[in-house]
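All chains are identified by letter, namely A, B, C and D, in their written order; residue positions are counted from 1 within each chain.
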Amino acid sequence: MLTREYMLNWAMIAALLFVPLAAWTLDEPFIITLATKAAILALAGVGLNIALGQGGLISLGHAAFFGIGGYAMGILAAHAQNYEPLFGWPFLFEGSNQMPLIWLVAVAASASAALVIGALSLRTSGVYFIMITLAFGQMLYYFAISWSAYGGEDGLSIWVRNEFPGLNTLDPIQFFAIAYVILCLALFFAARLARSPFGLALAAARQNEDRVEAVGLTPFTLRLTAFVISGAITGLAGALFADLNRFVSPTMLSWHTSGEIMIFVILGGVGRLYGPVAGAALYILLEHLLGGISDYWQIFLGLLLLLIVLFARGGLIGALAGREKAHG
Amino acid sequence: MADAVLRTKKLNKSFGALQASRDVSLDLRPGEIHALIGPNGAGKSTLIKQIAGNIAPDSGKVELLGRDVTALDTVARARMGLGRTFQISALAMEYTVLQNAVLGALGGQGRPYRLFRNVMKDPALLEPARDALERVGLSDDAGRRTADLSHGQRRQLEVAVALTLQPKLFLMDEPMAGLGSAGSKALTGFLDDLRQEAPILLVEHDMDAVFALADRISVLVYGQIIATGTAADIRANAEVRRAYLGEEDAA
Amino acid sequence: MTYILVLEQILNGLQFGVMLFLMAAGLTLVFGVMGLINLAHGSLYMVGAFAAAAVAGWTGSFLLALIASLAAAAAAGALMELVVIRRLYRRDHLDQVLATFALILIFSEGTRWLFGSFPLFLDVPPYLSGPVTLPGGIEYPLYRLAIILIGLAIAAGLFLLIARTRIGIQIRAGEADREMIAALGVDISKLYTLVFALGAALAGLAGALVGAIQSVQVGMGEPVLILAFVVIVIGGIGSIKGALAGALLVGMTDTLGGVFLPRLFTLFMEPASAASAGASLASMLIYILMAGVLLVRPSGLYGGSA
Amino acid sequence: MKTIRMLAMAAAVPALAAAAQADTKIGMITTLSGGGAGLGVDVRDGFMLAIEQDGRDGVEVVIEDDQRKPDAAVQIADRMIQSEKVDILTGIIWSNLAMAVVPAATAQGVFYLSPNAGPSALAGKRCHPNYFNVAWQNDNLHEAAGAYANEAGLKNSFILAPNYPAGKDALTGYKRMYGGELAGEIYTKLGQTDYAAEIAQIRASGADSVYFFLPGGMGISFLKQYAGSGVDLPVVGPAFSFDQGILQAVGDAALGVKNTSQWNKDIDNAANAGFVAAFQEKYGRLPSLYASQGFDTANLILSALDKAEPADQDAFRSALKAAEFASVRGDFKFGDNHHPVQDIYVREVIKEGDVYTNKIIATGLSDHADAYAGECKM
């Protein structure tokens, strides 16, 4: 099934690999860093897109999970660096600077948060859902600002990137490789999910709730499951993002972050599997190119976003690959 | 009649000053088609919703397969074997016809939390789905997008999805609406056979179909059942003629 | 803690609530009638404040400044509606969120480009400055009292407008059924522009009124915008009555929570950390309130359906 | 190959496409867009004024906007260090951004000179030989205010600040020097714009004075509302809320307020007079505190470059440490933790013609060093 979208997806994922490789041979580490940032933000978008695109759940609070992932990294790493035990019971735990463990904690923490936030928020729908997720995000944001044990609004800086067995994570290209592989795995997972029995039922609940109930499936638990998976992936992205910057702060939890993750998804095309990849790449490119034009570059960014929404419906992929075909 | 598949007992439901159901008691027996008719605004939709579990009655009971299900939601009732078609097609419009049928099969199977398997390659789901489409005559349209179907085809698909659940009874809300005379005739024949599989509570405006099909007919007016009986009984019932058929003729 | 202080804080909560109402009214009208989520509503608040500051700077008249704020925000709102917003009515909420987010960027940076990066000056006029003594011995700033009165007057005016006038009937009809209103022979696009401009004017006025006692600067609209959303969600989207109730509830909760929570915490903590912990909880309080309201009433206090 | 690389750079980094070969590269990361851009613009303008006045070849300044976002700042710093190979970084306005950038930058062997932010960690435990603060440690101005309160005979202060680390540092700094009672201590919400509730508490508290740290728009709002409230207790604050850029927006409400600063335009020395005149001529406005800090930072770098190349890290470090440049503050020297040891003045807000500005009325603390120097093991 060689549709245009299919080829476009491969082209995109190849480009995301090729650009940093080229930058590596040309010794342009910053371009690698930008590509890493794009891959990580795309990962956050892939997470959101499971809730948003597949489940139709417009969450304006995903910064909460992104930030929780980030703080999971920051807190574990900070304790490991300062040799201050995180807790002494039931066993002594001194934090960790091993990425796999950090990711595990980030995923577990953000999934638990998504379970609680989702269980409460999914009682509402429509605009109310948008706003209640925003409210939970803001609660965590204000909490983090005043949580002085971990830096408050100053954030938490770790001096060196965490470790991954067998790799030198301080080398930009190796860290990129980690982010890229995780992104590809997440894309693979999201693709499988969309085609799975669960995906079928979830997307049906978005299209027609009555139908799903009438065949004996519960939309609420379908959505909650999707929300938890979505939050967990976004949380993993948060841990990686914090590691990219070697820094975590409440900014990661602000509603601007939620908005930006959502913009990646919409820019690329809602519900398109690779939409977040296209969206994140485009956004970072725009931010980077326009930033050089003038101090008032955000005007141009705004105009471009506006033009894309108004005239390129279905996002970037929609514009390039045409209208979405029926599934299956 | 202890073996009624479905029974309502004195259902009452009000919306403010409007009493939409008034002591509604009816039952559905194995092997029958029980038609529910009544003018617009008589409270048919409200009654259907109480039976399906969308809204709770103010008082009274709903029993399914001999069990009191008044407190259960739509999902639980569907799982017990209530197969439902909607007045306004409730289908996943972006899906293909086959996907909608597979969704039904998935519901019937009751194991949706599998995250990796390709659902459209699962024979345990595809077979019942294809069978159901075949039975309603939609096999040739299996690959079409549901949104592109005609109105009548969507009604057929609704029935097919209900079939995939292998329900113990059907609750059909105006399945003939918008079908055209040929389609209506075909579906009438189909429902005629279907009652052997599971009884049908049929809400329908198409009087030809109702009188051709129904073993029993209940007439609902102003939230109240004014008569229940065979087609001949109802035709002969003066109150029904006055309250209902008379109005129909005038319109 | 004296009763005077408590009363004064209640007045402060009332004043804050009334201010929020001016913001929320437009937002909820636009959502109720057109089904549109407008994140750029805060930009109109900013436009009003900047217009007022500029006009006050040229003419020295506060009254002219207020008029300018109404006019400028209404004009900016109408322009926004004509050029961008009307293309969004038939889109889903996602497109609306993205497009109006883009408008925020354009308005904010555009304003900075025109007026520079430093805050502008806008002051309370002499005849409204200073405190007055209210019955009961409460000393209260005259200007804040004026804000409360202006806000309540506008709220009353809005209720009359919607309940009694032709436009109000059209607005209510539009909320109930968009097709029907077209069938009534109402020029729907004109009505939409009008409603949008009205909401914008109210936001602009709020910006000007608040600008005189706060800082007139780029980005001033965003925190208020979020609060206004909290207000209309608590009240029930589309309901003016809900917006008023939500605004007062949020105003009171935020003000009184900020004052009393830290004091409450001093009962079991030492003062410095009580102040800090209490303030932390106070800053989360309205969001907790909103989540709580939605859990009990998923469509807000006066909401029908989402 | 070379052309390809140039093209790649031109595409990726247009602002730097014209980068010529230079001996010393200085990267400036500062806030030039969004809220708070005014501070970054002032630091940049002050800094560039000094660079232009000096006019030497071989110094190139690369300027980037951090949008006040920590992650953006970190990534710009990475780029400047890795791709541009800058020798010196400077420009960051905010403590949280400095905490994100400085440790990683100095760990990579780059010099960082702070023209504004001075978080306590970087002065104490996390101090670094390559980190120099040319402005102040965050607590300094607040400590001076506390000292001034004692001198002015204030015995019962009401103090307030936003609920975030710099706010807590501020009140801690004030209390460190202040000897009287506290009538109240309030932490407000960060970004709060309405202070009616706090002012009511001040009124009811029986305080004899108010000390507040509310940077940016928060301070403007507080002062305007305070002036309208009828509470007329003396107010003391740090210079941030009374600076040239902000003062015009506060207006009469600020007149007479005492505030603490390490600089003012009436400090009597040739460097300062020249700076104020040149800044006004070039940019058409009075210089601010931030502009003075940018100007000093640039002159410090230039003075060190006279003696050593940044590549010779030890020599360049000692040259910076010596701080032999004509500071607009008059005397200026570094303590052992590379933070300033300087006089901090008390200023009063006055009106000169139509312009609100400050004049120095006293010295709050002389040769003051920060409280964290002892924790710095360097």
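The rule is simple: a contact is a pair of C-beta atoms (placed from the backbone, for glycine too) under 8 Å apart; a residue touches a chain by one contact, two chains touch by 3 or more.
The model shown is predicted, which means the values in this text are computed figures rather than measured ones.
Legend note: the chain whose CA centroid lies nearest the centroid of all displayed protein CA atoms is A.
Comparing the CA-atom centres of all chains against that of chain A, the greatest distance is found for B.
Spacing of chain B relative to chain D, judged by their CA centroids, is 74 angstrom. Distance between chain centres (mean CA atoms), chain A to chain C: 32 Å.
The centroid of the Cα atoms in chain A and the matching centroid in chain D are 35 Å apart. Chain centres here are Cα means. That of chain A falls 43 Å from that of chain B. For chain B, the set of residues that touch two or more other chains is empty.
Contacts with at least two other chains are made by residues 33-34, 37, 163, 168, 187, 189-190 of chain D. Among the residues of chain C, those in touch with two or more other chains are 108-109, 112, 276, 279-280, 283. Chain pairs recorded as touching, per the definition above, are A-B, A-C, A-D, C-D. Contact residues on chain B toward chain A in their complex (touch as defined above): 52, 73-75, 78-79, 84, 86, 90-96, 98-100, 102-104, 106-108, 110-120, 122, 125, 143-145, 161-162, 164-165.
Across the complex, chain A is touched by residues 31, 37, 84, 87-88, 91, 93-95, 97-99, 101-106, 108-110, 112-113, 226, 229-230, 233, 237, 276-277, 279-280, 283-284, 287-288, 290-291, 294-295, 298-300, 303, 306 of chain C.
Within the complex formed with chain D, the chain A residues making contact are 22-23, 26, 28-31, 33-34, 37, 142, 145-146, 148, 151-155, 157, 159-160, 172, 241, 245-247, 249, 251-252, 288-289, 291-293, 295-298. On chain A, the positions that touch chain C within their shared complex are 52, 58, 60, 120, 123-132, 134-136, 138-139, 142-143, 145-148, 255, 259, 262-263, 266-267, 270, 296-299, 301-306, 309-310, 313. Residue ranges of chain A in contact with chain B, taken from their complex: 192-193, 195-201, 203-204, 207-208, 210-218, 222, 225, 326-328.
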